[in-house]
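What follows is a set of structures to go through.
Two complexes come next, and they have one chain in common, subunit A, joined by subunit B in the first and subunit C in the second.
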Partner chain A sequence: MRQSLRAAWAIYRKDLRVELRTRETVGSVLVFAVVTAFIFNFAFDPSPQVLGLVAPGIVWVAYVFTGMLGLNRTFQLERDRGTLELLLLAPAGREAIYWGKLGGALTVMLVVEALMAPVFLFLYDLSLFSPLLAATAVLATVGFGAVGTLFAAIAVHTRSREVLLPVLFLPLAMPVIVGAVGATTALLGGGGLAQVNPWFQLMAAFDLATLMVCSWAFEHVLEE
Partner chain B sequence: MRTARIALMPLAAVMVAVDLVLIFAWVPTEQVMGIVQRIFYLHVPLAITGFVAFFLVAGASAVYLIRKNPRWDRLAFSAGEVGVVMMTLAIITGALWAKPVWGVWWVWDAQLTTTFILWVIYVGYLMVRAYAPTNERGRRWAAVVGIVGAVDIPLIYVAAELWRTLHPDKVIGPAADESSLESAMALTLLFSMLTFLVLFTWLLTERLALRRAEEALAALRAGEC
Partner chain C sequence: MRTSAAPSPALPAEALSLEGVRKRYGATAALTGVDLRLGWGTVLGLFGHNGAGKSTLLRVLATLVRPDAGTALVAGLDPTRQASAVRAAIGYVGHAPLLYDDLTPTENLAFAASLFRLFDTPARIAGLLEEVGASAYAHRRVRTLSNGMAKRVALARALLHRPALLLLDEPETGLDADGLRLLDRLIAAVAAGGGAVVLSTHDLERGLRVADEALVLRRGAVALTAPTGTLDVTSLEAAVSGEGS
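Right after this comes the complex of A and B.
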């Protein structure tokens, strides 16, 4: 158990260091997020009244798409450099790889989401700065990461990984997307903890269930 | 196994014939919805067989991951393929029924949303197998998708329900007031369900036999070169 935790921590630190040195993932994903947010302006032409209806959708579609882009990269670097095999040789359980990779993906996704908040303020005059919205983002992102890390490990080995990851990820992540949009709608509409409670419960249940199942199933994905 | 397969085919054929007579000639026409309601006797059994198939996929996948015996994978794969066919037909018949009765092809209520997402998940299940670099990996990955999908289904239902109840203006909903069915109708429905379960079992055994033949052929080919 402790050994496993230490291995997961080491993998997490390695991924973080690679990211800090290259800044490749955060940089490219952030640009993609800004472009997505910008395109919505022409899809909806959001006047202040329309914005009230479509703002949660804009925010979460942008976050989900950028999240998938980031998830795709978590195993891509390892595969391109052939280091995934070395990681499998390490004297640690497969679960440690899952938790380490999940930590790395979550960090990147949360950093990008935080950096996007001022962009939404700038482009749409949409203020996302509130503790409950931050909690929504964390709950939703953990759910994305739990499912996404598992399927990214599958998709990276296939011929059509750009297609396969969304096809597997989007339907399965539906409860947490619904929860995030629901909570954001309630919060932007002036609701408090009482209004977001059912959505938080939904997302928390999803996070717990998928973390348990996916960490167990991960072992069967990487087995050689 | 083989005798079961041979016996099931004529049984399924006779039952389908009787079922069609019951649905289109024997059972009285429903008074409110009219003739279109007869699609109900096909739609409900199709949907139920579809769900049964997907439970089989999840169960067989879990056993496969634990035991690593390819027999369980064959069962999961065959059930997945037949299940996708049943579910596709259930969605199509449902839309054909909904249009004259509700005025729209589709509504986003909890049942329909869950059915649709389940269908997409299992299409993904078949895609993973097709795109996997080796058959062995395809089996393991598909099993993982099947299991995670099954665990996710209750949450998807709850999410769709929450979504609907908190957006009440969107509700058109299925005929919620389920008045007790007339006995002839109940009998027809029951018989039709049985028919579809027999049909499903027969298709499943045929698909299993074909799968075995495919794998035997692949093994022979691999031995040649």
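Right after this comes the complex of A and C.
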């Protein structure tokens, strides 16, 4: 267990170091997120009434699709560079790769989500700067990161990985996405902790369950 | 040479022991019942045409592929049930150098060291890079290195944790004459230090010179095992191609 944690930390630090040096994933994912936000801005009349109805959906469509793009690259870069074998040769449990990769993916996704907040403020006059909205983002991102990391590892061995990941991932991640949209709707509508608590409980339960199941299942998906 | 393996006194009698190891990829039989024994201090040359099963066998030994049937002991450990312990005991160099292009050789080796739970590694890393002739490139990104230099760094990475068993899958790819001499010295040093080496190669002459034992695979089956001293290039070539069998 200790060895796996050390290996996971090493993988996480390595992913961060490579990303800081290249900015490949954050750069491409951020551009995608900004373009998505712009497209919705032209598609909808940004009046307060319309915005109240569609804003949570816009925010989470942008976050989920950019998250998928980032998750797809998590293992694809290792595969393309041939370095996935190096991780598989580490004398630690396979769950170390899962936790390390999940940590890297979560960091990238949360950074992109934070960088997108001013964009939503500029385009939609939508302030996402509140502790409860930040908590919603963290709970939701952990949930779809947990599922997405597992399915990204499955998809990387297939030829149609770009198609396969959303097909596998979106139906399973639906509870946490619904929870995130529900909590965001309540918070943007002026609700407080009492209103979002059921959504938080749903997302927290989903996160715990998926983290346990996916880290256990991960060992089997990396078998050749 | 400072790279020699440092096998613990508690090492089992044999470096490798395989019986009836089989592996299929769909309809293709990659290994069809491989038996093999290898003692410590020995270099095994693994020969065979493309698709003969050499890489699959090495990947089974490296725990990268799970065999369908048969028993295998690597350094006395079961690669299926004791995979982590096996990985700690082996060093593996495959076709790809297993290096991150955007990290320097020093950073790549430091990352590998952290995966292998090694402490106080800067001196070890610097020493190994010097030994493989890559110290001048220690702080340049790997993407700026030639294939040969990247392969040297890959050799350093495989030796970092002082593996008892070194698995080399066509390691000469990309190496120049000087690099090949270095490779031969490293292999000899590991064997002289009491470790063992499995070397897959298409260079029959070099393989015969470097290895103590030869194993020829043909269509996933063992076609020949013999001490290299009893073979010459012609007889080995015949065994590889199946002529006269």
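Going forward, the second predicted complex is superposed on the first by the 223 of 224 C-alpha atoms of A that agree within 3 Å, B and C clash if a C-alpha of one lies under 4 Å from a C-alpha of the other, contacts with A are read in each partner's own complex, and residues count from 1 in each chain.
In the analysis below, contacts are C-beta pairs under 8 Å (C-beta built on N, C-alpha and C of every residue); 3 or more make two chains touch, one makes a residue touch a chain.
These numbers come from a predicted model, not from an experiment.
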Open item on the list: So in the superposed three-chain picture, is A:Ala217 touching just subunit B, just subunit C, both, or none of them (first/second/both/neither)?
Closed with: first
Open item on the list: In the overlaid three-chain picture, which partner chain does A:Arg81 touch, first (subunit B) or second (subunit C), both, or neither?
Closed with: second
Open item on the list: Going by the contact rule set out at the top, does A:Ala205 touch subunit B (first), subunit C (second), both, or neither?
Closed with: first
Task: Residues of subunit A contacting subunit B in one complex and subunit C in the other - done: 223
Open item on the list: Could you list, by residue number, the parts of subunit B that touch subunit A in their complex?
Closed with: 65, 117, 120-121, 123-124, 127-128, 131-133, 137, 140-141, 143-145, 147-149, 151-152, 155-156, 158-160, 162-163, 166
Task: Touching residues (chain side subunit C, partner subunit A) in the complex - done: 59, 62-66, 84-85, 87-88, 90, 92, 94-103, 107, 111-112, 114-117
- [ ] Give every residue of subunit A touching subunit B within the complex, in rising order.
- [x] 147, 150-151, 154, 157-160, 164, 167-168, 171-172, 174-175, 178-179, 182, 198-199, 202, 205-206, 209-210, 213-214, 217, 220-221, 223
TODO: Spell out the residues on subunit A that touch subunit C in their complex, using ranges where they run on.
DONE: 3, 6-7, 9-11, 13-14, 17-18, 21-22, 81-83, 85-93, 223-224
